[in-house]
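There are two complexes below, and they share chain A, which is joined by chain B in the first and by chain C in the second.
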Partner chain A sequence: MIKLPQSDTKALLAIHGWSGVLLGLLLYVVICTGVAAVFAEEINDWASPLPHANAHAFPAGIDAATRRLATQVDPQFHEEIAMFRSAGGRLNLRYHLHDTMPNGKPGERGVEFEVDPATWQPLATRKGWDDEIADQTKPSGVAAFLINLHVRLHIPEPWGLFVTGVLGLAMMIAAVTGILVHRHLLADLFTLRLGRDALLKRRDLHVVAGSWNLPFALILAFTGSFFSFASSVGLPAIAMVTFGGDQAALIDTLYSTARPENKAPAPLANIEAMLADVRHRNHAEPNYISVSHYGRADATVSINTVLPGDELVYSTFVYDGTTGALIREQPPLGKVPSMGASLVGIMYPLHFGNFAGLASKTVWVALGTAAAYVSLTGMLLWTRRREEQLAWRRMSRVVHYVGYGLPLALVCAPYAFFALRSSDVPAITVQDIAFLVVSAAAAVIAFAIQDLDRLRRVLLGCTGVMLLGLPVMRIATGGLGWADAWSAGIGAVPVVDIALLAFGFICLWTARARQARVPAAAEGPAAISTEAHSA
Partner chain B sequence: MTVAALLAIAVSGALLVALGARDPKRLRSSRHGANDARAASPPLPSAVRQAFGWLSLAPGIVLALLGEWWAFLIWLGAITAIGWTIAITAGYSSVSVSHRSRS
Partner chain C sequence: MNAAPPHRLRPWLRGVLVGPVSLIVASLVMAGGAVWLPEGDAKVNNLVLPVVLFPLLWTATFLYTCLDKKLARAYAVMGALSAVNAALIAWHLMT
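Entry: the complex of A and B
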């Protein structure tokens, strides 16, 4: 138990509450989309499966396909080839060069082929700058929409990253002040007074979820802030100090796999032999290949794998592109192992929860759900205790609108994706529009329904119905049926459908129950006594 | 390594179940309003609770000291999820016990 003077406790309580409410609404959006984005790969496999499963990202034939497709692009795009698995087991090969965009910023421009690695038949070809290629990419649209909302709230760069970075810091402040304010943290870990008054029940549910979620909240908040600020603030700042503002030079120093320049023509060594070598060395399946200076004597091939069974920090295997010999195993930062490189490397599994496959992802989703729950219930408790004041009463309505309207808008966005996936409109744009339309409709509902509990039930009920309808919509617009998916070994399709149906029923079941209403006037003294009891 | 993580989770999880089921504050709360004093189990003595609390952390500490960070993370994620589940399950079961006692 931490003993603090009463004035300090009050000040910390105020910081805890205000930081939570003011930034909590945006934080709630970031957390909810982050929870869904943990399963981005599975969501994409569900939304855009191929008719068959592809066990390996880079099966036999990748070497020939790389050479064949290289003949179909302008040789200037041989500067770099990026190869990676995408939705449904598709394989993307992006031939590109590093160039200056029309707005003066560095960018990548080229041609991307999307192929089915089972047949090596091209499924799509996209051209342009990185952003333009992303706009044309349909199969991974559902997860891309969620990730974009999670990472930058659809705010243009770099401002979106600033905002989400600040939100991460706010989450850390809320967690730390929560620890200091709640002085019986350990003693109350199992205290749930559910059978007594409604306020105590809500408070205890919030505190218990928050207490158990504390380590995870701190980890996610810190790593999230790191990712937001690393590229938007950290990189430019370091470049300013050490490279006179030249970010490209800094990136080269930190991440480059290039060898001394030699423009003489030379054939590329066999990629499949290098893949086999990586599999043997790292005991893990490759998931990313980068070929620099294809067709030249200074070519290098860099290969990453999924994290091996008991590792948390990834390595890049760098090969001589002409001989196929391993040059070095490169850490996430710099060219030799260091504590800094390990710390940067560990940020990824800590944030994405992907270090132990589905098991760790499931735990991360459970704890992320707890974080979303703590965020929402914290805002509801804070605003409802002050409902006698008009401003807080309005804020309470806004919290209900965002808290229960956001999941509804998120669930509705994929409907637009499925309905318009054959159109020319970018997948993210159609989902943005659907998201905004449903958000506007939810705002009208929130304005029209005076009783907040009824508003909660209506929005939850709508979310439940839309969740139940999503598998139907997917199949109705040409998606794989369960039997076909199961016989083809594509587990993501039925599993995600069943999860959606289960969550739909849970929403409908939750919407049935009317919450006990506690008048604001009655909540005040109870709240104070509760806080005093905790203190 | 997976075995070490699962073993650590099993040990910590079992201790958390005991701590949650026999938590004095929760039991006191569930007895509130109940007519039947036998409605819930007796709470764990304070010394035993403290011992169980520290012991539940021990597997994680051992994994960290051994530098098994992969297993440590699995353990940390799992016990926080398990702890939250136990708290909610125990809380709702207390309500039903209390209601049964009153009826």
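Entry: the complex of A and C
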């Protein structure tokens, strides 16, 4: 029990509620899309599988393919080669140089090959600046749409990151004040009265879910704010103070693997030997390769792996590109271990939940779903308490619209992806349009249906139907069938389909039940038992 | 003579303090951290730690400016933090 003066508790309770209500709707969007984005890799494997599974990101043949493709690009793009796994086990090799974009900001420009590592045949070739290459990238479109919405709410740079950073801060303030105003934190963890009193049941569910979720909410809010603010506010400010505003110099100091310049021609050492060395040293599968100064005597090869079972902070293995000898195992930032590098390194697994493979990601999704539930029920309880006032009644309608309309719009977006996959329009753009059209339709429904419980049931029912139809749409537009996927060892296809069907049935089942109506006057205080409430 | 601001101005002054002022002060402390934090062996701690701690800094300045009942004192604390860090940054840029 935390003892605070009553006036402080009242102030904290007001901050808790208002930080949630003012930014809660946008925060709900960020949380929902973040929950889905945890499984970005699996979603992409489901949406755009190859006809066969590829067990390793970089199988035998990667060395020859790198050299062969290097002959097909302008030598200026040999400055750096980035290689990484993408949707369905495809392998992307991006030959690029660091340049100044037309808007004056630093960027990367080059050619990206998308290949099938089973045959080493190019599936697609893309050219241009990073953004232009991303626009041309179709296979990973479904997850890219979700991630873009999660990271920047589709608001142009740098404002999108700033807005999501502020939302993370609001979540952190709501969590901190939530802890401080708890009168009986331990009791609240276990108090769940599921009797006939609908009000008590709703409040208890919100408080129990919120109480258990507090540590996770703090972690997500802190790490999310860090990721949003680091590039939009932090790095520019630090670069201004320490490097006269030169962000490229700051990034070079933090991440550089470069060696003393030597432009003499020299062949690259065997990449596959370096990959084998990394597998032996780190007991983990490589997932990213970067070759700097390909074909030169000062070439370096940097290799990252998935997190080994006993590590929470990733390392980069840096090799001499001409001899293939290991130069050093490098922390996430700088060249030797430091507290700053460890803190930044641990942000990744804590935010993405990928430190123990599928198991930890599943836990993160469950906790994220609980966070979305707490956010939505908090707003519903807050607005319901005040619904005798017209403004709050309208707000309650908006909360219902966003709370139940957002999942519907998110589920409908991939329909546009599947339907227009072969068109020239960027995958994110077609999903943006579908998302906005469905959001507008849901707004019309929210305006037309007066009874809020009926509105909830209609939107949930529509979401259920669209979830059930998504696997059908995927297969109807040329997607891999279950039997073919299963025999090829591509588990993501049937597993995601089954998950969609299960969630669809859950939505329809939930939409069947009419919620017990609780008179506003009887609702009393919403979220948590506090000194202020009891006063 | 009463130096407190008129009653109707207080919510506005509090709002400015909690909103833009707390953000500016947190940003200045973060930027100043690049000057006064130790570099460490890797020479990155002073560049990285302020950025990592920025969400906590902002949360702290936000909650403090919300909860301090004495508005003048809250402005004074925020002003002092800003002045110290701005001076450190200016000194660093000039030397």
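Everything that follows uses one rule, which is that the second predicted complex is superposed on the first by the 522 of 535 C-alpha atoms of A that agree within 3 Å, B and C clash if a C-alpha of one lies under 4 Å from a C-alpha of the other, contacts with A are read in each partner's own complex, and residues count from 1 in each chain.
The rule is simple: a residue touches a chain if its C-beta (ideal position, glycine included) is under 8 Å from a C-beta of that chain, and two chains touch if they have at least 3 such contacts.
In this text the structure is predicted, and so the values were computed from the model without any measurement.
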item: Fit-or-clash call for chain B and chain C when the two complexes are aligned on chain A; value: fit
item: Which superposed partner A:G234 touches (first chain B, second chain C, both, neither); value: second
item: Which superposed partner A:K335 touches (first chain B, second chain C, both, neither); value: second
item: Partner chain in contact with A:A366 - chain B first, chain C second, else both or neither; value: first
item: Touched partner set for A:A499, first chain B, second chain C, both or neither; value: neither
item: A:T242 touches, of chain B and chain C: first, second, both or neither?; value: second
item: Contacts of A:A284 with chain B and chain C, given as first, second, both or neither; value: neither
item: Partner chain in contact with A:V437 - chain B first, chain C second, else both or neither; value: neither
item: Chain A as apex of chain B and chain C, Cα-centre angle in degrees (nearest 10); value: 90
item: First (chain B), second (chain C), both or neither touched by A:V465; value: neither
item: Smallest separation of CA atoms, chain C relative to chain B, angstrom; value: 19
item: Doubly contacted chain A residues - partners chain C and chain B; value: none
item: Of chain A, residues touching chain C in the complex; value: 7-8, 11-12, 15, 165, 168-169, 172-173, 176-177, 221-222, 225-226, 229-230, 233-235, 237-238, 240-242, 250, 253-254, 331, 333-341, 343-344, 347
item: Of all residues in chain C, those that touch chain A in their complex; value: 27, 30-32, 34-35, 40-52, 54-56, 58-59, 62-63, 66-67, 69, 89, 92-93
item: Touch list for chain A against partner chain B, complex; value: 186-196, 204-205, 208-209, 212-213, 215-216, 309-312, 346, 349-350, 353, 355-356, 359-360, 363-364, 366-367, 370
item: For the chain B and chain A complex, residues of the former touching the latter; value: 1-2, 19-20, 23, 25-26, 29-30, 32-33, 53, 68-71, 73-74, 76-78, 80-81, 83-84, 86-88, 90-92, 94-95, 98-99
